[in-house]
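Same chain, two partners: subunit A is paired with subunit B first, then with subunit C.
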Partner chain A sequence: MSISYKRVRAIFVKDYKEFSRNYAVSIMLIFPVILALLFRKAGSSLPEASGFLFNTSFVILTCFAQACLIAEEKERNTLRSLMLTPATAMDVLIGKSSLVFVMSAVVLAISTFIFGYVPASIWAFVPTIILSIILYTAAGTICGLFSKTLLEASLSILPVAFVFMGAPWGATFVKDYPIFKVLDYVPSSQLVHLLGISNTGYTTGDVLNPLLITLAWTVVLTIVSVVLYQRRLKDE
Partner chain B sequence: MQFQPMYDDGELFLPKIEFNMTLNQSIGIITDLKRKQLLMNQLVNHSQYYLFRAGQSEYLRLTVEELITFLIKVSERDGRAALLIDYFALKEERKVKIKDLSSSKRMYVTLLRVFFAHQPTLVLEEPYFYLEEQDRHHFKRILDDLSKEKQILILTSNLEDALISCDAIYRLNESGFHPLDIRDSEEDKQEVQKQDEANITLQKISTKRNDKVILFNPPEIDFIESVEGSILVHVGGENYDCALTLTELEQRLLNFGFYRCHRSYIVNLQKVREIITWTKNSYSLRLNTDKDAVVPLSRSKLQELKTLLNI
Partner chain C sequence: MDVIQVERIRKRFGNKDALADVSFSIPKGEIFGFLGPSGSGKTTLIKILTAQLNPTSGQARVLDQPAERMQQSAQKMRFGILTDNSGLYERLSIEENLELYRKLYDLPRSSIDKVLQFVNLSGERKKKVNLLSKGMRQRVMLACAIIHEPELLFLDEPTSALDPVNSVHIYKGLRYLNENGTTIFLTTHDMAEAELICNRVAILYRGQIQAIGSPKELKRQHRENVVCVDLINGEAYELPINEETADQIADWMKQGLIDRLETKEPTLGDIFIKMTGSELL
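On to the complex of A and B.
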C-alpha cells in the first residue's frame, strides 16, 4: 500500500484545522497543563503524582482526540468518501495519528516542564513516552472504529480510561485478589514504575523492563488497530 | 452497466438490468428508496464507480476555500483553488465556514466532491433534491462539463430532477425497467388527419388494469405517455394501460383541452401549472395534481402551446 507524503500532509492540515476549531474536543489540550500546575506544589509529597499526570494525559488527550477524529469522519460519511479518493487507508491513518502525536508530544513536554519532573534516565524516559503516545493513539483508533458518532466515541474511551488509568491502583488489591497481579503488566503501571525510579542507584533491568513491556504493547495494539481499520473500511 | 437481479420474499424485486453508458450522455433512473439502495449496494468497485450517497456530509469547520484546497491535494489534481472557486461560482462564500452556509449551498459544496473523483463512472443519489434553483443551475453546468469525460448515472425518485441533466431516463418499479422517451426531436411532425369538427362530444377513454376495464372521463386524466410502445394513462398518480395509440388519443381528446406536447406525451392543459424552462431537454410542464408530475415539452411545440394558452 503506497503512502504519499503530499496526501498525508493534506489530511494533517485538514484535521488540524477541524480539530482546533472544535472547542469541545480541543479544550482537552489544556487539561494536562492544568493538572501539572495543580500537582506542582504537591510533587514531592505525592510520589504517584507524576504517573497519574502522564497516564491521565494519555487517555484524555491522545486516546480521546484520535477516537474523536475518526468517529467524526464516520459520522459525516467523509471517511467513506475519502476511500474513493487516491488517498489510501494508511495515508488517512498516518495523517491523523501524526497530528495527535505532535499535539500530545508538545503538551506533555510543556506539562513535564511545569511539573518539574526530572527523569532518572532520559534515555529510557523519552522512548517510553514516545511509545506510549503511539500505543494510546492505536487504542484511540480502535475506540473510534467501534463508534459511529462523536458522542459514542467519547463514551467508548471510558473502558480504556478505566483499565489504563486504574491499573496502577490495582496493586492495592493484589493481596485479596492475586489475579490483579496481571495489572502490573499494563503499560500505565510500568510507566509508574519507570517514573518512580530514583536518581541514585538503579539497574539496567529496572529501566529496560518497562521499556520492553511498553514496546510489546505498542507493537500489538498498532497492528490490531491497522488491521481493524482496513477491515472496517471494507464494510463501509 | 449491469445490475444483478434481486429477489424479495421469492418475488423478483429488481430485474436484471443492462444498459450502455457513453460519454456525453447522462443516464437517469427513476425509482424508489429501496430499489435505489439495492442498486447502490451493487456498485462496490471503488476503482470503477464514484458513489455519492444522499447522506454525505462535509467537514463543517473548514472554509469553502480550505475544503477545495484539501480536495485538490488529496485527489492529486493540478490546478489552483482560486480558479476552481471561480468555476464553481463560490467566490463570495470563499471564506465562509461550511457550517455557516445555507443548507442548499452546503449541499452544493458537498456535491462538488464528485468533481474530484478519478473513477470513470459517477453515480449520484438525489443530487438535486436539496438544491435551490440557482444552485441547481450551477451544479447542472458542472455535471454537463463532467459528462464530457465521465459516465454519469443519476438515481432519483423524481422525474423533474432527472430531467434537469439526464439525456436518457429509465423508470424502475414493480413493472420492471423501462426507458422513457424524453428526447427532443424536430422530426416528429407526423401527418395528423383532419379532425372531424362534428364529432361526438361524449368520449370515454377505455383502459385496462388487472384485467378490469376502467373508463375515464377525459377531464380526470392528468397526462398520457408512451413507454416502449405501450400507452400509459396517468390519473391521480396511478397509471393504466390503454390500447389506443397516441395519435388516436390525440384526435379523440383534442376537444377536451388535451395537447400533444411531445412525441411520447399528451397532456391535459387544464392541469398545467408551470412551464419549466431550463431542464436538459429545454422545456417541461409541471402539472397541478396531487402527486408532483412533470411532463417534457418539445422545443418545437412551445410556441404553439403559448398561442393555445393565450400567453
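On to the complex of A and C.
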C-alpha cells in the first residue's frame, strides 16, 4: 500500500488545527506535566512513581487523544469522506497517529525532565518509550474504531486504563492468585521493570526483555488497528 | 464509451433485497439521474460503485475498472462524491477544509478560489463550518467533491438542503462541469430537478429499475393520447388525438377561438406514481 508524504502531512496539519481548537481533548496535554510536578519531590522515596507517571501518561494522553480523534471523525462522517479522497488507509492512519506521537513525545520529554528521571540505559529507555507511544496510539485507534461517538471513545479507553495501568500492581496478588503472573508480560509492567533498573549494574537481559516484549505488543496491536481500520471503513 | 456499466447488481441485507438485478450503463458526458423515494436503494448503489460496499452478486465497472478497484488512489483521483454521509471539519473554516482537500488531491492554490466561486462562497471563506447554515454546509461539501474537477461525479441528493436560488446556482454549475467533460451520476427524489438537468433518468423502486430513458422519451411513452383545448369563451376540452379532432381544431383556429392548445404530458412524478402506485416521499 502506497504512502504519500504530502497527504500524511496534510492530514497531520488538519489534525493539529482541529486538536488545538478542541479544548476538551487538548487539555489532556497538561496532565503528565502536573503528575511530574506532583511526584517530583517524592523522587527516590517512591520508586514506582516513574512507572506510574509514564503509564498514566500513555493512557490519558496517547491512547485517549487518539481514540477521541478517530471517534470524532467517525461521529461526523469525515473519516469516510477522507477515505474517498486519494488518501490511502495508511496515509490517514499515519497522518492521524503522527500528531499524537509528536505530542506524546514532547510532553513526556518535558515530564521526564521535570520529574528528574535519569535512565540507567538511554539506549533501552528511548526505544521502549517510542514503542510504547506507538503501542498506545494503536490501542487508542482500536478504541476509537469501536466507538461511534466521542462519549463512547472516552468510555472505551477504560478497559485499556484498567489493564495497562493496573498491571504493574498485579504483582501484589501473585502470591494469592498465581494467574496474575501473566500481568508481568503486559508492556506497562515491563516498562516499570525497565525504569527500575539500577544505574550501578544490570545485565543485557534486564534491558532486552522489556524491549522485546514491548516490541511484540506494538507489532500485534499495530497490525490489529490497521486491519480493523480497513474493515470498519467498508460497509457490510 | 461507457463511464459506468452495471450488470445484474443485487444487494441483499438480511432477507430483503435493497437492489435486485439492476443493470444500466452511463456514457461519458451524460448527466444521469437515479430517481426514487428514500430507501429505494439509490445510496446503496452509489456505495457499490465507489467500493464502499460489496454487491451480493453482479458486477459493475466504473471508469474502465471493476468497481471494487475504486478504492485505489489513482481511481479516487478521477471521481468526486457528495453523499448524505459526507462530513466537514467543524472547527475549521471553509478555506481550511478545502485546503485539506487541495493538498490531498495535490492541486494548485488557485483551485480553492475557483471552487469557492463555483459554489458562491468566496465571501465566506474564513467562516468556521460550525457557524454555517445547512445550505451553506451542503455547498462546502459540494466544493470538496468537485475541487479536483473529476471525470465522474456522484451526487446523492445534492440540493436537498438548498433554497431555490442556491439550487439554480448549483444546477448552472453542474451544467458547466458537464460541458467541461464531467459525467454526473445524480440521485434525487426531486423529479423537477431531474427533469431540469438530467439527460437520462432511471426510476428505481423497491430495488428494481422500473423505467429508464430521457425525461422526454419517458414523458412521450406515458403521455395520454389527448389534446387540451381552452377556448376564448371559457370552454375547455380534452379531445382524443385523431382526424376528427384535427378537423375540429382547424375550424376553431380559422375562427380565432383558441386561447390555449397543448398535449397532455405527464411529469416524471406522474410517471413514477403510475408505474409504482406509490407517492414519492
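Here is the rule we go by: the second predicted complex is superposed on the first by the 235 of 236 C-alpha atoms of A that agree within 3 Å, B and C clash if a C-alpha of one lies under 4 Å from a C-alpha of the other, contacts with A are read in each partner's own complex, and residues count from 1 in each chain.
In this text, a contact is a pair of C-beta atoms (placed from the backbone, for glycine too) under 8 Å apart; a residue touches a chain by one contact, two chains touch by 3 or more.
This structure is a prediction, so every number in the text was calculated from the model and none was measured.
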Clash or fit (per the criteria above) of subunit B with subunit C on subunit A: clash
Touched partner set for A:T85, first subunit B, second subunit C, both or neither: both
Touched partner set for A:D184, first subunit B, second subunit C, both or neither: neither
Which partner reaches more residues of subunit A (counting touched residues only), subunit B or subunit C: C
Partner chain(s) touched by A:R21 [first = subunit B, second = subunit C, both, neither]: both
First (subunit B), second (subunit C), both or neither touched by A:E48: neither
Partner chain(s) touched by A:S2 [first = subunit B, second = subunit C, both, neither]: second
First, second, both or neither for A:D206, with subunit B first and subunit C second: neither
Subunit B and subunit C contact sites that coincide on subunit A, given as residue numbers: 4, 6-7, 9-11, 13-14, 17-18, 21-22, 76-78, 80-87
Interfacial residue positions of subunit A with respect to subunit B in the complex: 4, 6-7, 9-11, 13-14, 17-18, 21-22, 75-78, 80-87
Subunit A-touching residues of subunit B, taken from the complex the two chains share: 46, 50-51, 53, 55-62, 66, 70, 73-76, 97, 113, 116-119
Residue numbers on subunit A that touch subunit C, as the complex places them: 2, 4, 6-7, 9-11, 13-14, 17-18, 21-22, 73, 76-88, 233-235
Residues of subunit C defined as touching subunit A within the complex: 47, 50-54, 71, 73-74, 76-77, 81, 85-92, 96, 100-101, 103-106, 144
